[in-house]
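For reference, the structure discussed in these notes is given below.
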Amino acid sequence: MNAPRVPGDAGADDGPVIRTEGLTKRFGRIVAVDGVDLQVPAGSRFGLLGPNGSGKTTMVRMLLGLVHATSGTAQVLGEPMPRAAASVLPRVGALVEGPAAWPGLPGRSNLRMLDAAGTRGGLLVRPGARRRRVEEALEQVGLAGVDRRPVRAYSLGMRQRLGIAAALLRRPPLLILDEPTNGLDPRGIGEIRRLLVSLNAGGTTVVLSSHLLSEVEALCTRIGLMDAGRLVLTEDMDVLRAPTGRVIVHTPDPDAAARLLGGVVEERAGTTVTVRADDPAGLNAHLVSRGVAVTGLEVERRTLEQVVLQRSGSGADRFDPARNGRSRAADDDRSGPSTERIVR
Amino acid sequence: MVVPRGAAARGEPPGPGCGTVERVPPPRRFGRRALLVGAGAAALVAAGTAEGWLPATPTAGAAEPTPEQLRDAVLSGVVPHTGLAESTGGLGLPDIPRLESASALLSTTTRIRVQVAARDRWRIDQLTPAGEIDTYRLGDTEYLWDYGGNRLTTIRGTAPVRLPRASDLAPSDLARRLLGITATEAVSALPPRRIAGYAVPGIRVVPADPAGTVGRIDVWALPGPAGTPALPMAVEIAAKGAAGPVLSTAFTSVEAAPPSGLALRPDVPPGAESVSARPGDLAGVLRGLGAPPPPDSLAGRARVELPGSDEGALPGIGVYGTGVSRFVLVPAGRDVARQIIGGAGAAGGVPIAGFAPDRAVRVATPLLGLVVVRRRGGGFLLAGTVVPDVLEAAATELVPGVRR
Amino acid sequence: MIGVELALMLRRRRVWMCWALLCALPALVAVLVSATGLAPPPGRGAAFLSAVTTNGQIFPAAALALVLPVFLPITVAVVAGDTVAGEASTGMLRYLLVRPVGRLRMLFAKLVSVAAFVLLAVAFVTVTSYVVGIAAFGFGGTTTSGGTAAVTGFGAVPSLSGPVIEPVDLLTRTLLTVGYLGLCMLTLGAIGIFFSTLTDSPLAAALGVLAVVVTSASLQPLEAAGAVEQFLPTAHWLAWIDLFRDPILYTAVDRGALVQLGWILVAFGAAWANLATKDVTS
């Protein structure tokens, strides 16, 4: 297990790259993470999703050995954390709760220092190789041409890119990135997204923690949904986004369409009619053959947003007046008092 | 209790019943590491204070000397030694004008460096954070190096009476002097004490004189091989009726080895001043006062013949009493006397019955008493380790016409 | 990590500011004393200051005595308080730890960098004040004794006990002083590192160190605190003056060095015990 690995090799192992069992963290009376059993398959792009304060960051910190679990176990790359931190962490690239840098140093020096900090012998050992590594990482995140200004003069986006470059320095087989596109403009978001996909194609497992649904939806192959410290859902994106068995028909004559289709119509709104149907092509042919104009036809899929809203409560940064002693009226009431949930 | 949707969907939280999950107890905030550091700190403090708690058992085998033997061993000679001593005076002497250096010496803590080769070849330094004042003794000559004054003073011959100085507080010297003048008193044994890494046996002298202020004198001295002198390592003086010592001095480190000869030779660095003084210079001043010769007895106490001084070397000065219950009579000029009386009044002095308040003052501390009197022809000082009544009686005797 | 820490320290502007200020104070005093010719009387003011007007070569000792009570502790407190808390406040602490840099190894590197800072600080003060002292007061070659000027030669620095210290001997004693004061200041450094692991605020840690210095200094003359006096971190700060006596008196310096080492061990151990189990949430 301690042998150095070739990048991309991590996925070759059969087991998951991350496996936690009953991982729990309490800060005083507050339970930040509550009995999480998480498995991240090798080679996946895993999205850890959840509202603010749902415990994502604490999870990430426990996986990296920064925070010690109150109970439960965590394994990263097949070894227990934090006990095997010394052999695990060199193979993990991480961005935790925003990028950080020594503000007085230029970006290049920052990466060089950071790279040297983890190696025995420090700055003096193989400076040429270090320089190459740093340049490569800067190029990957689009900072290859950056000047010598100190990081304190960097824009938010530049800092973010530098943070990602730091995570990529060692070409780790596992990347754990917390909100990696924070502060980037749309073009930058696209660049980073493409970079992560290409790294993943090369065998790197990417774990992405985010509260941005679009981010996760666009990138991830599998998601874990956290809510109030618990992992409430783990599922492949393909499954989540499987067709619901309904077809949405856009037609200028919804009344005619509804009359024609009768009992299978489930919803009507404006010029759309939602129909339960297994065969969209047949449906189309049926409508057109009966003289109902069809301007558009789509197979309904659930959006990630629907799934998330259905399965999680509001963020822990929202505090509504407590409604003690009353149970929640309905399952879809998700503006429940978060204070109670925290102290549960 | 509100159960959110998420938890409900997930089912029961994993508990001991779940089987697969091992619940470890939460890590204690102050765990083994803190305990380890605490134990280390305690061990360091213990090692640092070992002097205080190690049993003070003298080296096995050597026969414990009797108190009398130990006193004789101290008085039998000088052990060459070098060391660092600390003396603490709790005399509480107020700041009396012209006597500041002596009262500071007896009221504060003084660091003393001791380098002794023989009875008449030694050097004792008073160390301060800003310099030092060194007293060298080479045969009959004394040298005084004052770093602050950048001056070396050479004094030929010794003054029989002078103000106390730091070199008097070196444990070895003080012990020998005190035991010397109480040689006729009874001596008892004290439990041994750890001093500068040695277990040192102690002796106690309780002066018998009811009019003396000295309650006890404790001396701890390290005996050498049989027949050789003992090295005094600590001295404590307590006033009568007082629990703690008013003056204590002890080595913090000492080595029974002679100092290098080089260290005992004073040196005038370039730029420093070198002056000569004679004890007789003081005599000249005293002669100028025209003080009458001291009476042969005062307050019922006989005058002590001062060693090494021909009659009249120090006119007007007399030392009275026996053992450690002694006082000294020193003539002073009118102005000096007035100045001291004024200052002593502010420093807690009280007037003496039979004298006008601006004519005489008495300053009493548990150990040391001081009486200053101003009269027509000049003034005088009486100071010593006797109860104030004795000093006042002496003052009354010296000024005719005063009735108590 | 040690190399990285040293490189980072040397590239911090704050560190150079501290050094510059430390060197500036004695220089200012030298200029004032030499311009006015008014040295404090013996026994008052900093040690050795009364002697510098006759010989500039003793000025390094006077300069050290000047910066020792306040300036040096402040700079050490600022730099040591910044070690861990500063990384925590910029967020670099978590990135160093996941690099990974072992927590003990990181603390040790911090200690080494603080040690380098204090040693360089004391060394810089010594060197600059030697130059300033000679520029302002000369070599002490000429003296006026009894009204006649006499050339006594280069390097005649008197010890506190009178005998002249030879140039090589002076160098040795100065190096010993630099080492001893470095050790004293490293005690504060280790305490600062410990405080720095307790908080994410460098300022709070630095103030904590200064609180320790002030507490220790105010307990020192207190008779009621006599039992702990020997163990106070500031108790032996002036022992280096014994190095300028003749012959050198090592007793207090030895004792002081042991006490300082004890403090460093305990403070560093406490820092390790705290950081090793700490949840890094900054």
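Lettered A, B and C in written order, each chain numbered from 1.
Convention: a residue touches a chain if its C-beta (ideal position, glycine included) is under 8 Å from a C-beta of that chain, and two chains touch if they have at least 3 such contacts.
This structure is a prediction, so every number in the text was calculated from the model and none was measured.
J.: When I count C-beta pairs in contact, which pair ends up with more: A-C or B-C?
T.: B-C
J.: Using CA atom means as chain centres, which chain is nearest the centre of all the protein shown?
T.: C
J.: Using the average of all C-alpha atoms in each chain as its centre, how far is it in Å between subunit A and subunit B?
T.: 78
J.: Taking each chain's centre as the mean position of its Cα atoms, how many Å separate subunit A from subunit C?
T.: Centre-to-centre distance between subunit A and subunit C: 51 Å.
J.: Could you state the distance in Å from the CA-based centre of subunit B to that of subunit C?
T.: 33
J.: What positions in subunit C touch 2 or more of the other chains?
T.: Residues 277 of subunit C each touch two or more of the other chains.
J.: Can you list every residue of subunit B that touches 2 or more other chains, as numbers and ranges?
T.: In subunit B, 27 touch at least two other chains.
J.: Which residues belonging to subunit A are in contact with no fewer than two other chains?
T.: 68
J.: In their shared complex, at which residues does subunit C touch subunit B?
T.: Those residues of subunit C that touch subunit B are 41-44, 47-48, 50-51, 54-55, 140, 143, 145, 150, 152-153, 156, 158-164, 230-231, 238, 241-242, 245-247, 249, 251-252, 258-259, 262, 265-266, 269-270, 272-274, 276-277.
J.: In the complex, go through subunit A and note every residue touching subunit C.
T.: Contacts found on subunit A: 27, 61, 64-68, 85-86, 89-90, 92, 94, 96-105, 109, 113-114, 116-118, 121-124, 166.
J.: For the complex, give me every residue of subunit B touching subunit C.
T.: So the residues of subunit B touching subunit C come out as 27, 29, 31, 33-34, 36-37, 40-41, 44-45, 48, 84, 113, 125, 127-132, 134, 145, 147-150, 152, 252-253, 260, 262-263, 266-273.
J.: Mind pulling up the subunit C residues that touch subunit A in the complex?
T.: Touching subunit A from subunit C are residues 1-4, 7-8, 11-13, 90-92, 94-102, 277, 279-281.
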